[in-house]
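Each chain gets a letter, A, B, C and D, in the order it is written, and its residues are counted from 1.
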């Protein structure tokens, strides 16, 4: 990890092309992206920010030196070449379509949509306009998870046979969120479907999913589950198992393990620091990072560096249209599998 | 660790008093401090920077929005209330004296001086002026090391009996640096003397030190050693052992271990991330952080937060005049012990 | 762990009732049990041993001081009160029935039979005779795995939501073994079904299993798979995932993880010792124990101590008739699920 | 680790020469050695045992099948070719001299004597008689510690610069033991002096030692200390630091760390098993092995295997006369250093 990776000096190389970016949505995730773009990665200037809540936009504008703008005005602005779509999921498709039409490079938070037809609409607009597009599957860029992927592509794991992904949140969302989020497979496990495709390097062809309400009965009343398992079969024969829980009381549990003919590669949880103690009664250690803003901060920075390199150099997107579509497909297959109690092929969905 | 600690959003609370700071010295460490003050911790505005090399000052000024100033002008400026002394060691005493006379709050990189008489001159000026003063013993603020200190003061360790500090650099400095730095006890082990006093909470009364030239014969030709051991006896009877090497090829090795009647508390090394692998032949893991800009970045941020709180709230300095003097004393005792082959009491020095 | 647990002094308490045991089957596992009984746990005297291969029986007799006997003669011997059935699986039912009829206490290696009807025949004979019975699910007695069970029953885990069991052999068996063993679900995963019931404390009601041939195509030609996944639903709603591979090149991979409302308890792999190293290029550690005779030796000793306590004190068997039957049922359900590509309820089997 | 190493099958190779051994002393350590020789390592037959307390000898005789003998009778017995001297330290010299005169191969528990002159007397008798001799420095044979030695001799560590040995007992001995044991440097740290010579592969030329009474004031009243540090300088320039405590409440703390130009090799503490847990409040792990009968059992077995190979094949002793003498010398130098407050050369002692 270089000093820069650790959040150190933000001094832009004179020869770096600076992307002029507008941030759409100034909630938790938009605010975080704006801060990273303004102070933690080189190559971006936050030119304008927009939010349906004016105070939210103003706060981010004040912190980053950007101007406040209306959404459509921002998308159409001549001094902006790139947009970051950080609004609520139900607005993503419309904004992607507009930004593509305006010829902007697009960074879009996941998922594009809960509806595979609308995903296709948005992605078709991107492809037709020929604009750069990246979906915010940030976990690919986590150094530990990436080391597992590298151990697969680099040969350490040999032929991959099994992948295990554990993803447990520290605390459940409010039940009202669950009602609109699409549920655990679409709002939470979708990250793990991306991890599976990314590490294995092969598409998901079928999904068996099951689960239960164990954490909060109100999640069940909202029509969802809070504890979920999925078994994925990939086109190359690899099998992935995923487990999710909405509440791991010990902190944000994020692990990936690839197993194959050559051995095993693991991305383990990391404590907040490496102090520990041992007494007559017990051995103590530090808790895990509490949630994604702590655990995955470096992945967000690396994501923006990858996006910048893609904009500068071309080539395939670090997380492109195919990932956006395939993960929604796998999530919908998982949801159907859970409901129907049988393995579901992804080609049954779309 | 909060999001802020991880290098996230730098949004200053409206009610925070902003300290207007001037940075003296724009080399590696000054540049780092300026960046942290400008973008990573709240409560500071970098108003001016100075360096004998104009280009160095200009680069930092451009990155932080500060103005370039001459050194004396900066110290005397009315719109500056605080100075950070990050110049070469031989200028520290003069700058401390001038800044104290100008009534500025002072942050001074370690050490104040290699000469205990000059240390006393500087510290007397600080005390006479009554200005806030903090010496840059940043490792106290490392979360892992601090957890060892907390385990001692909080009772987990019980009565402390033994302390072990390991501090090994990844690569040796150039021999010409060693010739002017005061040598391994004054430029490197001084951090460990501070750690010993900080964790044990009791002054050092005698030092036995030994060492050898094992890494680079040119260090020996410059009159120094590159591998050193010290055994400290504290006033309360605790014994500290310190080992230093100028070259740990596996990376920056920084560990602290306190042992006592109640148990043991340890601050261990941390890998750059938590990916690892296991094959037929070997088990792999990540290397250590390479050097202090990676390993101790969080400690530097926490140091500035502690300095700000001290300026705002008063009370004892987080690392004050006593630490600055006592660590130089211990270092000089260690150097004499090594040369004379006997334990040396600190009251033999000054 | 007491000195005794570490394989130390075998001095029988004067008041301990010594069980006079006959060992049926002197292959690898029978020889191991005979050695343990003779020299590593108190309370047993190996009186006689039997094997269809006379030389095998003679070798074990010489090492333990037992006499060689014919099988039926051993079962009927007046000076024997307990038999250990360590013969090939296809003889277990007949030997259990005979030993029960002879009124002997029975220790039987797993599984009783690959046929649920024959399992019922054997277990009915045991219940009718009212003799003590224990099945050799040794992993329950592994101190690490047992600590997970204790964390569930003792409350550390809270309400258990998820269980993960990883069980990977270091090298595949010969294909001819697979042809008669019943396949991976019956000869290998059966241990994991027992672990699931033991840790969760609730019966398995349905199984979804899938798998592939990834290690050795000859295993596929023999009609089996070498890489397998199962998802179990327990009566109390807990979900267990199991993964098996016939070949983990890095050694015998044996892990258990329970997750619930209170936290997580894990039984991790253990290296052969705790030496490790770190160089410029890599960090090394010790490999895992190679296979069960190394990894689970302590569990075998603890199993015999538990059997002895059960014989002495009565109460429920440490691994009784219910476990023997339920694990075969789960294995048959898994096999059918794999073949039919759908979740299978255990009550569909027997 | 083979199955045999784990304490499994004790089947002697037909071609192995069986050594006929007599065990002198049936206290804790003699009883342990007799048990190992009788049941856990091949190549030995325990023929006779002796102790000044008849009941102690009888108990060991009963457990091992040996006869009870008087001490002199045992040493002179024609059917015994090897003796294990496990009596109290003050009898070692006399028994070594007698056994050498009787032409027996000798295994002697450490130390030979607290008096360097008497050590020389005993070792001269051994050399004159030309009998095989091994001193019971068992820790050399611990797999983890041995891996550090192997990393030094095999090149992983490169040129060794520093060695650290931590050795802390779980509970202090009774003060009356300290009064006759020779004190912490002779009864406890002597193992660490052996470890230093063994890992570094170079003699100790000077010792600086210091310490304090922190655990039990009665140890101070008996004229000893309970917390001790030593810094050794080896002939090749390597520096070793050792720390000892009579009471580590968390268990038997036994670590070795070699550092050099190529990297670092460590033998770490091992928990009793690898179960652990993590809850909202804390992360738990297993305690360390409680004391040497647990922690070092494998080293004792390996020690006897090495002794047997030495008797069979000749060559240098696995821990010979030089080690026995040099470690006593280093311990006496340490004791004098502590008393006189200055580094002491070993050639000042003997």
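In this text, a contact is a pair of C-beta atoms (placed from the backbone, for glycine too) under 8 Å apart; a residue touches a chain by one contact, two chains touch by 3 or more.
Keep in mind it's a predicted model, so treat the numbers as computed, not measured.
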item	value
Taking each chain's C-alpha mean as its centre, the one farthest from chain C	B
Between A-D and A-C, the pair joined by more C-beta contacts	A-C
Chain A and chain D, separation of their C-alpha mean positions in angstrom	57
Distance from chain C to chain A - Cα centre to Cα centre, in angstrom	42
Sequence positions of chain B contacting 2 or more other chains	249-250, 262-264, 278-280, 284, 286
Of all residues in chain D, those that touch chain B in their complex	158-159, 161-162, 164, 168, 208, 210-212, 214-215, 227, 229, 231, 233, 237, 239, 241, 243, 245, 247-250, 253, 259, 261-264, 341-343
Touching residues on chain D, where the partner in the complex is chain A	249-250, 271, 278-280, 282-288
Complex contact set, residues of chain D against chain C	1-3, 5-11, 31-32, 35, 39-40, 59, 63, 142-148, 151, 156-157, 262-270, 272-280, 284, 286, 289-290, 293-294, 297
